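What follows is a pair of complexes built around chain A, which joins chain B in one and chain C in the other.
Let's look at the complex of A and B:
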């Protein structure tokens, strides 16, 4: 049964390109990635009936590489929420070899972890987001979920690259052709003391075992204390909500989306259409953003200053280590769309730092319901995938 | 400070060799390496000033290097004739320039929010128009906007028009008397602006919507001829060319009749328009309200073009054409217009697909009948249904000749026929460019209905003090009341009502009959007009008057698009002043002082509580309405946001704010020419739109 997770299942999905690097690879998309003539509602009434007019750049590139696009998936409203980790189910249930899925605060990685798959968030600015319908422009990336690091590498190779239609791209995007082999004895992996606080005692035990296994494999471990670790979450929440409130302004029911009936006038049309377009969680988030935007801009600016400092701190960490590792415990995710914003942030507390700083991050299944999240230097996505390949070997 | 200062704009060839002292603002600069040219602007105009090491002292040239646009400076220098070929025809003073001997900078100027200069420094180059600057930005920096010579001209002309009014009315024996701004609600019918009284708690003054009652009282007082350039206030819904406060020329005179008003106003109007070099022909034509509606569909007809309505109902008395037949069976009417010689521009396609299918239904009629005249024949999709007699009658009645187009509207309702045909008349005149530029067609509209039908009973068309054309009527007979005409008159120019007035009632008995007709109770009358009616007991003279909307008059004389161009500090279209940010909040203390913040009183003044409600404010700025259930959850979320704000407030941060982890830089479009996106070009962008009309996204109307 594909119907319950697909919004649109392609009927003519098999690619004609038989010799491309992704020939024979089936890729599912979240329904916020545009495919021309496909319904692309991003799980939101604000995009009710929206049929994409153009292919997203990643879709264009994947198809060129021979990939077949299997269809697009149901998702939480505008990507805010975990919505049953459907993007990972498409892979674990065999409908696709890989899924492209929004990663605003770790959703793609968390979904992958829940289904014991690999979840990858690339460096900010290497994969074009043209045709991607997002909510938090400065933090979100298109993540990749797959069973093996090799599939992720292939998809990444095909999908990344400069695109002048996306204005937030890195000027130098590395190619991932020559991925170096990992030499454990020359590789230092950092752990963060404060991360342990997020784990239950049993989980912490498993995490410690996983770290010991890394040491046994020859990696050097280094424990680092980050006093400000809690600030990642605060910064993400403040900046994220402001960007959502701002970028959500386009959902006005004029050029596309839902229009409420019987509006008295222009403003009434906006008030009612937008009232009907957003669910309570998204509204809560948008109102928080509006609060900072219109009533307390100083706090938003302060959050952006803290973000600068956090980025600097993480960059400095990478002077002495090659990777960071954080635990990703698999938690039961409430299926309900009415998950409060706070719960969502609780669930994403360990994945969202990579969104705040733009670093590449990868979740790899480890022991007993635990995944390890590795973070690498900016633009060193290749190294991160090499590490994953080494570890799954 | 400046003994010999003269105005820039006064200089000319005759001043060659003169030593002059000038002061003003730097309108524009042109730097030629060692030589610097500036345009110096004052109220009178612009003159070019030259700073050249050959002729000006070195330190003056050096000092001039720091000049930028809109620095306020003074210079002295001598006037020379410009070198052959360097004259600037854009400037009145373009044949000369002033070589600077001294320069003093009074004050410098920041970078401007928009350009002020309107004069090119070099012959043949044109200046960018200000049209691209948003009006709110202009209003926010109104003091700079008003520096622009075109704006200065507007206000100088406005002053001259006002002076012309005062001079003329003074000649005619009128005296100017001021009436109060803090007053009592009067019967104009619009919403009042209210001013709370501090001394009389919970009582309010109203700002005057017009000095109507006061000017009539001045007639009772025996001043006989009064006028005032009065500021009036109406808290009405937004309309494009309306302001919450406006200036009205208010006139009232005793022992006069309509002819006196026509004579007086025609002469005054002619003189006012002359300030704008516009000659109006006298006498102004007059048209009854009935005739105006019957031939133009409007009570403020634009007479700059023809297209008068032609009655056609009788032609089709025996018709077999179904639609007309049905309309006539239901007591309807058929009227039409002839558009001479336009059949080339009004093709079948335009008439049928644009006018009949789109435009006319949007005006409120079900359909439109059209015929093109080719040779002796009528061409149309329905002409086959007409008999020969009918076709002949049409050709004769409409004076049809080859190349003409005839259109007709048939509807059971006379109002629909006239109003739709009236809108069509204007639409066609603009589309076919039938309006000659520079043409002004004043007209008096007279004999208005005294009453209008309302949902319950009737209401006054103007106000209840307007005299009826006769006084023997039964205040209980609705049909008779609706047939009464008033002694009111409007002055209309080019389809715009510039003002109006009436001869007033000067008999207590008649006034009471009018009140009875309006179904007002004794108490109502006493409450609203008691003070005024009391004056009727003490010898009231026959009197009448008129008021002209001066902002509109000035805008029309100067040909500006909007009345905001002739008001120094107007509000914007949302009745907000971007310059002063009015209306603004007030402190609780102020509210308490005027008794509007009484904690012991449950009846809180609406609006105050709302302003204090953060969630309502956020709901409004985000344009997201909230249901009651959601409101609680969202309020909780906003509380969380406030908590986060409190948490970060203690953190000291020196780092610059980071808005993107990528180095963000400006990127220009690579193609040199602006191009429509193919998706827009193919019209595909409309595929996802909830509502489309033609080539536009359709939205709810901006106004209610």
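Let's look at the complex of A and C:
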């Protein structure tokens, strides 16, 4: 049934471009990626009735490369949460070859893992965010979910590159033309001691076996202890929620979206409209952000400083390793919307570090339902995909 | 008790860039409502602000004109408040990392002594939309015009160096002259392109303490600023004298009643760094390019006018007070007009007539060439001063050259001695009493006879020649 996963299913989705690199590739979008004249509500009543005026840069580029856009999908509100893994289902159920899906704390990667697909989060700043409707500007990316590394590579090649409409992009974006061969004996993969604590004993066993398999393939493994691993979550929670609370001010019901009737005055209009628009998860996230912003700003500033330190730490790690590997355990991702922010953070504890630091990350299905999440150096998305191609073979 | 006021001003200046601050929409707030809007300045979902380099240039030149230190990195913050004139729940402003710091402008205080007023910082921020309150039938409705939303402002925050309403007004004038010189903004309080808020506190004279300040808004002329501050100083003094505490709040100036009235406190949270507009790094090379674009500023120009043209202090500072005026003056002198003559004609004749004709230097129809050719005729005694003034008046209402007007209306001065001698003879014949007075040595009679001769010539005679002829006759 397409009805329950698509909000807008394109009727004329097949591209006319028959010789582009993505000709014949069907791509589904989350409904927070703008397509001109399509309802683009990002799963929120705060955008009720909003019809995008322009194509997102990625949509424009994918179409130019010959991709067919299948439609846009139902999603959790403003991309926060994992409700139903619709974006992964669209691929696993055959509606699309790839999905573009928001990744704020690992949602795209986790959804992919749950459906035994490959989930990819690009380096921050290589894919234009113009036309992408989000919540945490400094952490969110458009992720890609697909069955093979090749599809992800093709989509990435077409979609990335500097866009003068997004000033926050990286100034030097590499092209992904080179399909470097991975030489395992010259490749060091780091593991993080503290990550094991997030696994149940059985899961840990499977993870250890997966690591052994990597060693058997000739990769060098290096175990690293990161005492402050928990800080990734804390920093994400504080900085992310403050950004969401502040940047989310634009969802006010004045120019678009739901506006409450019968308000006494402006203030009342804002309060009522926002109260009626947002769901529980977004609301509690915004509340938490507002708390730090207005009541405990010093903690927000500290979190920003710690974020900079964490970034340095990770950059330093890559002096001695080529990739990091973290386990993505088999977790039943809730079918309905997650209702507690803490549950969401529990689920995303191992994926959110890449959002905090902006590194590229890829979840690859491994044994017995386990996925391995690989993280590469910033802007070395190509190497990460080469590794995935090697491991899939 | 005698009190002293401590005054700081926060001045918002609308930059005259072609586009808005974060999109390509025209920077024309006065156009038909909502004509100049796009998804970015309406902050529709998915839009990303794109900072305009032209705005950065204009803001930097403004800060340089105020002798500020441009910071190597500046960045935008989200200043959060909810109001329908603010389309996204926060205003992009610079709080943590302003564009520039530590500037100053020089003023002359009540005693005429020079005094430097420090500038704490200059930063950039976007303007908000305009609300229009109307009624639909009987229901009051509020409409939003987003033309102004996202247009560029610089906010200039002074140090609390100002002590009197007079100094505050002088500071605004000096700052306005500097910025207009730099050409980055129009700075009209009346038209809203310059908005001034004042922070006022008082303390016992001679003390160094800084007391609770009160913010005053809603002054729409420089005089209003002076009046509002004067009122507020007196109000606070009364409070202190009667033991009433002064509370940090905002008051609005009521120009009709000439009082400040308390307004409801505005909720203001701290600013968080904006994650979508990356920090802006200023290179020394770029900054040097901006420095070369800064024109010669008034103080230096006045000094040069004194050296180069021999103007006295007042003349030099008047001729350099406005950029267009100074350029006009220099063009006239380059057309072979003696500099002090040019000053005299521009300040005592041209400028009052400009005011009468509602003209300013940018739209002045009396080009430097027209004025120079008029003064040239006067210098060559082809016309007299009175005629020259009349010709100047006529120049405002015609495209003709001064020469053409002089010929058309017969202003050319009669300098033909023979013609004048016979004219004077007939005047003398008609005024025997004056002649005998003059013979008796009454100097007043000379003036009277010259006047009579001028009248007989219908103002066209050269008065110098008349005097010479008369003197010869009565030697």
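Rule of thumb we're sticking to: the second predicted complex is superposed on the first by the 392 of 393 C-alpha atoms of A that agree within 3 Å, B and C clash if a C-alpha of one lies under 4 Å from a C-alpha of the other, contacts with A are read in each partner's own complex, and residues count from 1 in each chain.
Basically, a contact is a pair of C-beta atoms (placed from the backbone, for glycine too) under 8 Å apart; a residue touches a chain by one contact, two chains touch by 3 or more.
For clarity, every value in this text was computed on a predicted model and none was experimentally measured.
> With the two structures overlaid on chain A, would chain B and chain C clash, or do they fit side by side?
On the shared chain A, the partners clash.
> Looking at A:172 after the superposition, I want to know if it touches chain B, chain C, both of them or none. Which is it: first, second, both, neither?
In the superposition, A:172 touches no partner, neither chain B nor chain C.
> When both complexes are superposed, which of chain B and chain C contacts more residues belonging to chain A?
Residues of chain A touched, chain B against chain C: more for B.
> Is A:133 contacted by the first partner chain B, the second partner chain C, both or neither?
second
> Answer with first, second, both or neither: which of chain B and chain C does A:56 touch in the superposed model?
It touches chain C, and chain B stays clear.
> According to the stated criteria, A:294 is in contact with first (chain B), second (chain C), both, or neither; which is it?
In the superposition, A:294 touches chain B and chain C alike.
> Once the structures are superposed on A, label A:164 by its partner contacts, choosing first (chain B), second (chain C), both or neither.
both
> Looking at A:216, would you say it contacts chain B, chain C, both, or neither? Reply first, second, both or neither.
Neither chain B nor chain C is touched by A:216.
> Who does A:342 touch here: chain B (first), chain C (second), both, or neither?
Touch partner of A:342: chain B, not chain C.
> For A:181, select first, second, both or neither according to whether it touches chain B, chain C, the two together, or no partner.
Neither partner.
> Scan A:319 for contacts with chain B and chain C and give back first, second, both or neither.
Neither partner.
> Can you tell which stretch of chain B collides with chain C among 19-27, 181-189, 415-423 or 451-459?
Stretch flagged for C-alpha clashes with chain C: 19-27.
> Quick check on the output: what are the common chain A residues between the chain B footprint and the chain C footprint?
50, 53-54, 138, 164, 167-168, 252, 254-256, 266-267, 270, 294, 304
> Which stretch or stretches of chain B touch chain A in the complex?
Result: residues 614-615, 617-627, 630, 633-634, 636-638, 640-642, 644-645, 647-649, 651, 653-664, 667, 670, 679, 684-685, 687-691, 697, 699-704 of chain B touch chain A.
> Enumerate the contact residues on chain A facing chain C in the complex.
For chain A paired with chain C, touching residues are 32, 34, 40, 42, 47, 50, 52-54, 56, 129-133, 136-138, 164-168, 242-243, 246-252, 254-256, 266-267, 270, 293-294, 297, 300, 304.
> Any idea which chain C residues touch chain A in the complex?
The touching residues are 39, 42-51, 78, 80, 82-84, 87-90, 144, 269-270, 272-273, 275-278.
> Of all residues in chain A, which touch chain B in the complex?
49-51, 53-54, 124-125, 138, 164, 167-171, 231, 234, 237-238, 241, 245, 252-259, 263-272, 274-275, 278, 280, 283-288, 290-292, 294-296, 299, 301-309, 311-312, 340-342, 357-358, 378
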